[in-house]
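Structures given as C-alpha cells follow.
Here come two complexes built around chain A, the first alongside chain B, the second alongside chain C.
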Partner chain A sequence: MSRSAEQRRGWGFVAPALLWTLAFFVLPFAVMGAMSLATLEGRTLVWGLSLANYAELAEKAYLWRAIMVSLEITVTVTVVSVVLAYPLAWIIAFRVPARWQRLALLLAILPFWTSYVVRSYAWLLVLAREGVVNQTLMTLGLISEPVTLANTRFATVTGFVHFFVMLLTLTIYANLIQLSPNYRRAAMDLGASAFQTFRHVILPLTLPGIVTGAFLTFVLCIGDYVTPQILGGNTELTVPQVIMVQLGRRADFPLASALAIVLMAIVTVVYLLSARWLKLDRL
Partner chain B sequence: MRLVPWLYLGAAFVFIYLPVAALVLFSFQESNLPVPPFQGPSLRWYADILGDDDVMQALAHSLMVAAGSSAVACVLGFFAAYGLARHVLPGSAFLRGLLIAPLTVSYLIVGLGLLIVIQRAGLGLSLMTAGVGHVVINLPLCFAIIYASMGAQQQNAERAARDLGADEFRVITLVTVPMLAPAIAAAFFLSVTLSWDEFIISFLLTRFDVTLPVEIWSMLRSGLSPRLNAIGSIVFLVSVTAVLILEILVFRKRRP
Partner chain C sequence: MSRMTIALMGTTMLNLTAGAAFAEGEINALVWCDHTDPGLIEPFEEAFGVKVNLREYEGTGAALALLEQSRPGDWDVLVIDGIDVFRAVDAGLLAPLPAGELPTGDFFPEVVMAENNIVDGVTYAVTEKFGYNTISYNADKVDPADMQDLASVWSEKYDGRISIYDYYLPVMGLAAIANGIETAGIDGESLEAIGGTLGEMRARAASVAGVVAAQTALATGEVDIVVGGGEWLTAVLAEEQPELTWTIPEQGAVRWAQSIGVLEGSENKDMALEFVKYITGPEGQARLATSSCFWGMPANARAGDYLSDDQKAVLRWDQQQDYLARTQLYPAPDTDLDIEMQDLWLDTLQQ
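== the complex of A and B ==
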C-alpha cells in the first residue's frame, strides 16, 4: 500500500471520532466563547465583541464573591483531601498485606462510583438537623440542641472531601506502589530516620501522584454544581451555582458563558502552575 | 503505636461508608422520615417507587442513554485508536490531544456549550441530546483506554492475518477486536457507570423525558424522604455492579 493510501485509510478510521469531537465539543465551545462577548438588550440577544459581561464580574459584588467562594472552597477541599488521603494510601500500600491490598483499595473507593446527586443526598441524611450525627450526639448527651451542620460551607466541604479522598487515595496509591522498596532501604541504611526517609525520599518521589490527584480534585471541585447546591444551600453561591441561576431564572446566556470562560481560565492557570509535576498520561 | 495505622484505616472506612450506610439503612425505614431511630425493616418504600411510573420511566431512560451513549463512544473510540495506533498520520500527537481534550473541561461547561448550540440551531431537547453529551464526555476515556492497550503483540497478529490474505474488515473483526475485548469491555462499563450517574449534562439537555439523576433532583425539593433513600440505594447498587464487572475484567486481564 502506498503511503498516501495508507494515510487516507488512517484518516477514515479517525474521522468519526474527530468529527464528533469537533461538532459537539469544539464548535459548542467556540459558540460559548462568542456568546460571552454578546450582550442581552432586554430579552433579545445582540452578538458583538463586547467585554461588558467580563466587566460585570468586577463591578457586581455577588459575581466577584462567587469566584472567591469557589476558590476558597476548592483550595480547602484540595488541601484537606490530600492530607487525609496520603496516610490512607500509605497504609493500604505498606501496611495491608499484599493479597488484601486490591480488595482494601476497591472497598476504599467503592462509594466513589455513586452519582453526585445521590452522594450529596446521603450526606444530607447524615448532617441534617434530625440526622445521624445530631441524633447520635444528643443520645450520647454531648449536646442538648441539634447543631446546624447542613446548609453550611462545612457541609459542602465535607461532601467534597468524602469524594476526593477516594480519588486521591487511588492516584497516590498507584504512585506509592510503583516505588521500589530499595529507595527506602537505602535511605534507612544511610542512617535516615523514618521521618527523614519520608520527607527527603518518599515524598519527592510521590509528588507527581499528589499533584496529578490534586489537579483533578481542583478541576472537578470548582466545576461542580450539585454538591454546593444540595449541601451548602443558598447561604453562599459558587460560580457553577451562579451560572445555573443565570441560565434558569434570567436566561442570561452571555453572562453564564463569560462565567464558564472564567472557570476555564482558572483551571488553565492552575494547570500551567502544576504542569511541571503533572503526569496525566500515567493515570 | 503499631495500632495507629489500623485505627486510621478504620476511621477512614467509617467516614467513607457513613453516608452510604445511612442511605441504605433508612431506605428500609418504616416511617416517613429517613432519620434515626431506625424502625423496620420495611420494604414499603421500595414497593412505592417500583410502582411509581415516573421513577420507573426515568430508570429505563437512564439505562437506554447509558447503554446507547457508551456503545457509540466505544465504537468511535475504537476506530480512532485503531487509526492512530496502526497508521502514521501527520499531527497525530495533536489529534490525540484533541480527542482527549473534553476530559479537562467540567461537565457543566460541556453541557452549557451544547445547550447554547442546540438552542441556536432551533432543535429540541430530548434524551437524544443528553446522549450526545454523554458521548462527548465518554469518548476521550474509551479512546484512551483502548489506545493504551493496542500493543505490538496485537500488531504482529494483525500482520500475520494480513499476510494470510485477510482483508482489513476481517483483520479487525477476527483479530483486533477479540484480542482487545477486555479493554473494550472495560471502556464500555466505565462509560456506562459515568453516564448512569451523570447529572448536570442530562439536567441541561433533557426536557420532558428525563434520566434518573434528574428525576431524583426534582424529588429532592421536597426534602428528606425514604423514597429517595430507596431510589438512591438502587442507583448505588447498579453503579457498584458495573464497577465490579469492570474490576473483574481488568483483574482477569492482569493475570497471565
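== the complex of A and C ==
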C-alpha cells in the first residue's frame, strides 16, 4: 500500500471521531464563546466583541460569590469522596475474596441505578427535621431537638458525595487491582511497616487512579445544577444555578454563556494542574 | 427505473402522505405543567380527533428562546405568564384571536386583563387561570392570627420555619405590599425598601424553594410557612393534610395569572383556536383549575357549574370577590427594572 493510501486510510479511521468532536464540542464551544461576547440590549441580542458580560463578574458581587461557592463545594466534595472511596476500593480489591468482588462492586454502584433527581429528593427526606437522621440522633439522645440538615451546604455535599464515592470507588479499584502483590511483599521484606508500604509504594502507584477519579468528580460536580437546587435550598447559589436564573425569565444567553466559559476556564486550570497524573486510559 | 427505485419512491410518497395527514391531526402546545394532566387534554382529543403534543417549560425567557429557534409551524399554542403576553406580541409570535368567539364575558372581570392580553386593540391572548402568591402555612404549627400580618410572618417568632418561593417577581411584590408600595408602582427608588424587607425574609428563611421543594418542605414539617405560596401550593395536598392551608393577609397579596394564545406561525390555527376555546370554556376551565400539577382559580366564572363543593371549598370560591379586591397583579417590570430586581434578588440570596 502506498504512503498516500495509508494516510487516506488513517484519516478514514480518524474522521468519524474528528467530525463528532467538531460537531458536538468545537462548534458548540465556538458558538458559546461568540455568544459570551454578544450583549442583550433590551430584549434584542446584539452580536459583537464586547467584554461587558465578563466585566459583570467584577461588578456584581453575587456572580463572584457564586464562583466561590461552586469552588468551595466542589473541592469539599472531591476531597471527602476520595477519602471515603479509597478505603472502600481497597477493601474490595484486597480484602474481599476474588469471587465476591464483582458482587461487592455491584453493591457499591447500586445507587447509580436510581434516578439522580429521585435520589436527591430522597436525601431531602432523609435529612429533613423529621427525617431518619434527626429521629435517630434524638432517639440516641445525642440531640434534644431536630437540627437543620436539609436545605444547607451540608445537604448538597452529602448528596454529591453519595454519588461520587461510587464513581471514585470504580476508578481507584481499577487502579488497585492492576497492582502486583509483589510490590507489597517486596516492601514488607525490606522491613517497611504497613503504613510505610502504603505511603511510599501503594499510594504513589495508585495516584493516577485517584487523580483521574478526582478530576472527573470535579468536572461533574462544578457543573451540576440538580443537586444544589434540590438539596441546597437556594440558601447560596452555585454558578449553574445563576446561569439558570439568567436564562429562565430574561433569556440572557450572553451572560449565561460568559458564566459557562468561566466554568470551562476553571476546569481547564484544574486539568492542567492535574495533567501530570491523569491517566484516563486506565479507566 | 429499477423496481427497487420505484419501491423506494412509492414508500417515500406513502410516508409523506401519511405524515401530512398525521400533522393535520395534531397540535403542538408549549405549556405549563398544569396542562399535562390527561384529564384535561383527553376530552379535547376525543372530541376533535386530534393529538395534542405538550411540552412543558419554565420561565418566559426560555419559552421565547425556544420559539424563536423553532421553524414556523412547529408550535400552535402557547401558555404564557399574563404579564409577559406583550413580550410574545413584541416578538411577533402570537396571532390575533377572534375576540367575539372567546368567553371573556363569563370571566371574573378583574382577570380579563385587557391591558395585558390586548395590544393596540387586537386580542392576542386570553386569561385562563389565576391565583395568589401569598402565605401558605401549617395551621397546626403556627398561629393563624399571625398569618394575617405580613410583618409577623417573617418575624423572629418564625425564625428558621419559613421557606420563600423561588421566583423574584411575586416575592418582591409581596415585599412591596408589606412596605405599602403598589406592585404596579415599583421603581428603582422603591427597591431599597423592598430589598430591606427581602433581607429580613431571607434572614428568617430555612430555604428558598421551587414548587415541588416548597410543597415537600411544608408537607414534611421542614418549614411551617411558605412566603409566596397559595392555593397552587397547598390545594393538591389538602385531602391528605388539611392543616396545610393559605390566607391573604390584611395588607393584601399578589395575584398571578396565566394566558393562552395561538402562535402566528401555526399551520393549524383553526384547531389551535378550538383548543383555546376548550381551555377557556366552562368544562375545560374546571379541569384546568383542578389539574394534578397545581390548582388555581379558573378565569371563567361558569366553571363553577363543573366543580364540586369540595373543590370550590379548596379554591375558596366564595371568597374570590374579597380576594380579588385585596390583591394586586404581580410586578411587570420593564427590561431595565427587571435586571435591577433580579440582581437585588440574587444579591439577597447570596448574603
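Basically, the second predicted complex is superposed on the first by the 253 of 283 C-alpha atoms of A that agree within 3 Å, B and C clash if a C-alpha of one lies under 4 Å from a C-alpha of the other, contacts with A are read in each partner's own complex, and residues count from 1 in each chain.
Methods note: a residue touches a chain if its C-beta (ideal position, glycine included) is under 8 Å from a C-beta of that chain, and two chains touch if they have at least 3 such contacts.
Fair warning: this is a prediction, and the values are worked out from it, not measured in the lab.
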Pick one for A:111: touches chain B only (first), chain C only (second), both, or neither. first
Where does A:253 make contact in the superposed view: on chain B (first), on chain C (second), on both, or on neither? both
By residue count, is chain A touched more by chain B or by chain C? B
What is the contact status of A:130 with respect to chain B (first) and chain C (second): first, second, both, or neither? both
Just chain B (first), just chain C (second), both, or neither: which does A:151 touch? second
When the two structures are overlaid on chain A, which partner does A:47 contact: first (chain B), second (chain C), both, or neither? neither
Check the residue A:234 against both partner chains and state whether it touches chain B (first), chain C (second), both, or neither. second
Looking at A:21 after the superposition, I want to know if it touches chain B, chain C, both of them or none. Which is it: first, second, both, neither? first
Could you tell me if A:121 is touching chain B, chain C, both of them or neither one (first, second, both, neither)? both
Looking at A:100, would you say it contacts chain B, chain C, both, or neither? Reply first, second, both or neither. neither
Let me check the overlay on chain A: which residues of chain A are in contact with chain B and also with chain C? 121, 124-125, 128, 130-131, 230, 247, 253
Within their complex, state which residues of chain B touch chain A. 5-6, 8-9, 12-13, 15-20, 22-23, 26, 33-37, 75-77, 79-80, 82-84, 86-90, 95, 98-99, 101-102, 104-110, 112-117, 120, 132-133, 135-136, 139, 143, 168, 193, 196-200, 204, 213, 216-217, 220, 224, 228-229, 232, 235-236, 239-240, 242-243, 247, 251
For the complex, which residues does chain A have touching chain B? 6-7, 9-14, 16-18, 20-21, 24-29, 31-32, 35, 84, 87-88, 91-92, 95-96, 102, 104, 106-108, 110-111, 113-119, 121-126, 128, 130-132, 135-136, 162, 165-166, 219-220, 222-226, 230, 240, 243, 247, 253, 256-257, 260, 263-264, 267, 271
Quick check on the complex: what are the chain A residues that touch chain C? 42-43, 60-62, 65-66, 69, 121, 124-125, 128-131, 148, 150-151, 229-230, 233-237, 242, 245, 247-253
Help me check something: in the complex, which residues belonging to chain C touch chain A? 58-62, 64-65, 87, 90-91, 160, 163, 166, 169, 205-210, 212-213, 216-217, 220-222, 335, 338-339, 342-343, 346-347, 349-350
